[in-house]
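Two complexes, one shared chain (chain A), two partners (chain B, chain C).
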Partner chain A sequence: MSDRNRRKFIKTSAMAAAATALPMPFIWPKGASAATVKMGILHSLTGTIAIAEKSVVDSELLAVEEINNAGGVMGQQIEAVIEDGASDWPTFAEKARKLIEKDKVASVMGCYTSASRKAVLPVFEKLKGLLYYPTYYEGLEISPNIMYTAQEATQSSIAATEWLYENRGKSFFLVGSDYIWPRTTIKLCKITLDRLGGTVAGENYYPLGHIEFSSAINKIKATKPDVIVNCVVGGSNVAFFKQLKAAGIIDAGTTVLSLAVSEEEVSGIGSENTAGTLTCMGYFQSLSNPTNEKYVSAFKKKYGANRVTGDTLECAYIAVHLWAMAAEKAQSFDVEKVVAASSGLEIDAPEGKVKFHTDNHHLWKHARIGEFLPDGQAKMLYESPLIEPDPFPKL
Partner chain B sequence: MFALQAFTGLSVFSILMLMALGLAIVFGLMGVINMAHGELMAMGAYATYGTSVLFEAYFPSLMSIYFIVGVVLAFFATSVFGYFLERSLIQFLYKRPLDTMLATWGVGLILQQLYRQFINPRPVEVPTASWLQGVWQVSEDVSFPMSRIFIVGLAFLTATLVYLFLYRTRRGLLIRAVTQNRGMSGAIGINQKRVDAYTFALGCGLAGIAGSSFTMLASTAPDTGQAYIVDTFIVVVFGGVESLLGTIMSAFFIGQMQTWFEFYLSGSMARAGILLLVIAVLYFRPNGLFATKVRR
Partner chain C sequence: MDKAATTEKPEFNPTLASTAVGMLERFGVVVLGVLLLLVVPLSLDVFRLGLAAKYLCFAFPAVGIVLIWGYGGILSLGQGMFFGMGSYMMAMFLKLESAANPDSSSGTALSAFFGAAGLPDFMVWNSIEELPWFWEPFHHVWITIPAIIILPPLVAFILGYVNFRNRVGGVYFTIVTLAIAAIMAIVIIGQQGYTGGINGITDFKTFMGLDLDNDTAKYVMYFITVVLLLLAVLVGRFILKSLLGRVLVAIRDQEDRARFSGYDSAMFKAFVFAVGALFASVGGAMFTIQVGLASPSLVGIVPSIEMVIYAAVGGRLSLIGAVYGAFLVNGAKTFFSENFVEYWTYFIGALYVFVVMFLPLGLAGILDKLRDVGKRSG
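Entry: the complex of A and B
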């Protein structure tokens, strides 16, 4: 290799290296006009949780597009800055810092697991950022810099436990993945059961990604519970449902209620395996109201007819709208003013009219229990009135 | 209850055995630490998924037997891949075990990303044939899922075929010769390169069969392999790296322990229990439970 060639080689390989390092962040949309406001999107686009978070990003971008087409926020187009948390909690914290400090975003839509939210929380509080968190979670948190747009425990697990106790039976078998969300959720279930007078037939935790549930199934067969509450998360659910189905437990009439399975997950589990089981969510794609029909058809039009929406997608979608509405109301992107304007803010969401609590940053929500049909959609069995969010419930 | 638990133990054993046989051949006989073993299982699972899609589209009437075709196809697809992997990469690294580890890990990551890009980032669902969905009702309280019975049968069939291949055919004889004494087998004219290549292909093919049968129990996602690989290594190391019989015995032992631990403890605790047990055994028998005694 001559000297000249070597220099050229170094130059091109350096360029190639730079090019491969570049793809993040994507700026969207391109060619935004002078009056733009930046909004961060921080989800896992790679790694294990990407399965769940990728479509959440889709839903958020749909909301951004709608707002921009309607003229933007206070006349300013939203420019979404997408960062990849890579299913890794320290990366989430680092990217959150980058979005706030370097991109100076007015708000961030982001996080899916509680672990990632706990990782970014100190960053948002210290740098005075604003995070909208769109996933149902275990509660026990109110940060001045986070708005929670999905259900906390009293609006899902506690409401579901009460309904199951009244309608399906007194003895409960509790099974979940082994980390903070299932552990806390099951603890709340147990306390609720204690208060009502139900019994716990068994309680079991499995590592994330576990795929052998036959011993749990034998325990279920031995204890014969009326109800199985399923807090298994992610890919393990597929194994759990396939094996439950194969063991004949679902068909034998035992009620199975999942707290982390929405229409999205069902498409991976196989709708023939979930048919007849229950789920507790704040939103189902099958809800019939004009706002939801508009949302579902816009989503399918943008991303394809075979895509489904689900609870987290909807919560992420309204999060963007809620932020835009609050900024509009405050006539400012200042975090404190936006938070103040959010107090009591009402939105006509696909899940129905919901509104922010006046002081705890959570939404008043319906808890809805649905039964999965063979086509993977949910048929609503029960709808609670709007439940006041109470992240620190007295039990 | 005891019958159910015993059957579960048997079923876990056969799953572990299927996973570990391929790795035991590659790791035990050839000394290659194949970190891409899990991804090869995923490849077998995807081959089965592909078969199901094809059958659904072109021969819907034959859907009931597609699974058997899927298993065979999974074996061939992964073993052909294994053959080319050995020829293009592994053969240059035989004397560098740490480098093989890194290289195969890299291959595993590449495969994962390929599945994610070109197949589906989400888990795919392989439909279970109707005759495998049923339950064998022995008595009122005791019933065994057909899919599990099928896996147990498949595991035993595979183990028998591997045994017959290694101990009753000429090629098997060559493999054993190369494993026992590389230098001497070369000296008497055995083409070691060819033997290495098809041994590796065999090990990969077995991973394919394992992956294919797991589609009945769990989903197939790009990172599915990661869920299996740790268990597989535990079984092989625990059993003693150089003996296939040891691998089978250790699969049996771990399968039973896991089942009973999980029954009396929580799932996570059971796992911790098994790992503690393995550590304790390896402390006293560093070469594994069933290490063959060889002079070095």
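Entry: the complex of A and C
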């Protein structure tokens, strides 16, 4: 079954790639597709998080276009209904309700921060909607109405810690933004270090949006750790990397590994500041496989040659395909049937072959460690085997 | 006539009374009541009604701001703090109720895994093993509701009195309120083990055993909100019409003179500030019940300033105007963001600029202008 789906996906993508080359009027014959199915897209297009979420929408729309060009889902064209969560959690809840109750969407691709997901979760559970969530996150959640297409914390943190311990040194300094994802990730990192026999030189948390990291930098200078694990999130990374660079820590050979910095963020931080540091993600734009090359070129063709993809973008892209595949497999848009059909569903994604776990709504994924190059792309140093998702780790 | 306290009562004018404007002036509360109790519920579906209820929750702090700013002359940029207090206290009660409820899906999975039953989920993640003492009282609805009604006004009164007594007023007091709202948001975000942090408190199942998410519950909650809001407007009117209101306006216009006349101006100002806090707190509690979450994004500076904007759009001297202001601004947000998803914030910005430039007295100012025109032609 999964093999057939995979072939179908490849076929779909190939047709999509061919179709995008054709002039628009040919693809959209007027009134040809009377049957459409609505799919919601719910991200922040305004507000503080918009900078990260806008491109996620682009990636999802690319997938929608591919599927539509290849004939849609069960012969129905996908009509994307876009709503703005405005970086505000109550607004996310309002818009989720609107998409399900008013627009009657079959599924929603949405949310970026955990906070926004927590705000919409009760809405999806009560109204029996279906959300595909594309961001790596802390785990500790399995909602019957949410499918998670990115890494949960154990899938990156444990693998990264083990690799760093093997290859870079035994004393770790841990820095993060102060909320649930960095705290869970760092906790897993500490537990892994305990098991391996490494040491924690220091642990610092800063509020989101913080731009003054001198206290951490002074501690790093004093304790001289082998490795700095960076779980700082969002715009704060600009200040953090600049200050690390200015303090000479990156150039002195201390390994800095970020768990929330992808190619997308690097373009904001400035690639001269991140060059030589490491990142752990499920996907890099530089991965060489045919599916990824097709995805990256289609993305650049649609949105501009200077645009970059990244982990969340790719997870959002496969989310749309995974939903379409599950609906085809179930021959229904009914949420329960789509969820049931998703169990064990395999996809040949840009990040390689990944598949849904049979019962916990997360994907089996690779953890990949890459080193940022001066051009902002990542060179892969390590690729783990597929890691089983374990949102409720036994510690 | 909310303006009774500032302008002289217009003489009874038969042509005026027969016009729509005159009706609105004279029967503002009745018109508002008919709109909110009949027209809105009859013309909107359940989803839109839920949104209307949310807008009305923001009208509570706006009505309070008309009192304290328009009539008390105290510009508070920290009403989000009181809105947040009401919102969080209600959320604590709802959260404890759903944490104790074995049917709550995500809660059961978490406590099965961590072995800490009955605790709110975010405490479980933050490795807090015992319910903090200040959460304990919120097991009981009959402590929660009085707390929502008493605590925020009490805090506001003390805060106001201490400042006003020491002659901290005007822009300095505004800065104090701004700072406290910011501090409260920072504390909530920082103490995530106790408050849910940036995620806020979400995922409630029931309110006193009643499911909150069926149509009947939505209608019931909407009507409760409307009745409370009308009550707030009437209380505001009562205050403004009483001697208290007149002293308040005197203090606003000439504080020294009022003080020399023997009035304890700090006491009056602190009192009205407390009333504003009470309204905001009730609005926050109703918001949490209906929207289903408490969030630090409703506590800090930005929401506090927005609440002042609602009052400004409605007209800062009009209690009823504040309700229309909150409704209009939030309705416009929803409308523009649904229809112009990429550019809606520009429309909201343009709306604010338009109001400030052309309607310095807000929606209520339009009414005044129309009345003047009516007078001239009459």
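The rule is simple: the second predicted complex is superposed on the first by the 362 of 395 C-alpha atoms of A that agree within 3 Å, B and C clash if a C-alpha of one lies under 4 Å from a C-alpha of the other, contacts with A are read in each partner's own complex, and residues count from 1 in each chain.
Everything that follows uses one rule, which is that a residue touches a chain if its C-beta (ideal position, glycine included) is under 8 Å from a C-beta of that chain, and two chains touch if they have at least 3 such contacts.
Remember, predicted model here, so these are calculated numbers, not experimental data.
*Asks:* Using the superposition on chain A, decide if chain B and chain C clash or fit.
*Replies:* In the arrangement built by aligning on chain A, the partners chain C and chain B fit side by side.
*Asks:* Going by the contact rule set out at the top, does A:311 touch chain B (first), chain C (second), both, or neither?
*Replies:* A:311 sits against neither chain B nor chain C.
*Asks:* Applying the touch criterion given at the start, work out whether A:246 contacts chain B, chain C, both or neither, answering first, second, both or neither.
*Replies:* Once the two structures are laid over each other on A, A:246 reaches chain B alone.
*Asks:* Between chain B (first) and chain C (second), which does A:207 come into contact with in this model arrangement: first, second, both, or neither?
*Replies:* A:207: touches chain B and chain C.
*Asks:* With both complexes superposed on chain A, which partner does A:88 reach: first (chain B), second (chain C), both or neither?
*Replies:* Only chain C; A:88 stays clear of chain B.
*Asks:* Between chain B (first) and chain C (second), which, if any, makes contact with A:119: first, second, both or neither?
*Replies:* Once the two structures are laid over each other on A, A:119 reaches chain C alone.
*Asks:* For A:79 in the superposed arrangement: first (chain B), second (chain C), both or neither?
*Replies:* After superposing on A, A:79 lies clear of both chain B and chain C.
*Asks:* Once chain A of both complexes is superposed, is A:60 in touch with chain B (first), chain C (second), both, or neither?
*Replies:* neither
*Asks:* Check whether A:178 is in contact with chain B, with chain C, with both or with neither, and answer first, second, both or neither.
*Replies:* Both chain B and chain C are touched by A:178.
*Asks:* Taking the superposition as given, tell me the minimum C-alpha spacing from chain B to chain C, whole angstrom.
*Replies:* 6
*Asks:* Which parts of chain A are touched by chain B and by chain C alike?
*Replies:* 178, 207
*Asks:* For chain B, which residues are in contact with chain A within the complex?
*Replies:* Against chain A, the touching part of chain B is residues 1, 4-5, 8, 11-12, 15, 121-125, 127-128, 133, 135, 141, 143, 145-148, 214, 216-219, 221, 223-224, 226-227, 258-259, 262-263, 266-268, 270-271.
*Asks:* Which positions of chain A touch chain B when the two form their complex?
*Replies:* By the definition above, chain A touches chain B via 48, 50-51, 54, 178, 203-207, 209-212, 214-216, 218-219, 221-222, 235, 238-239, 242-243, 245-248, 267-270, 272.
*Asks:* Which residues of chain A touch chain C in the complex?
*Replies:* 45-46, 82-84, 86, 88-91, 93-95, 97-98, 101-102, 114-115, 118-119, 121-123, 125-127, 138, 140-144, 178-180, 183-184, 207-208, 392
*Asks:* Spell out the residues on chain C that touch chain A in their complex, using ranges where they run on.
*Replies:* Counting only chain C, the residues touching chain A are 46-47, 50-51, 54, 105-106, 109-110, 113, 122, 125-126, 186, 189-190, 192, 197-200, 202-204, 213, 291-293, 295, 297-298, 334, 337-338, 341-342, 344-345.
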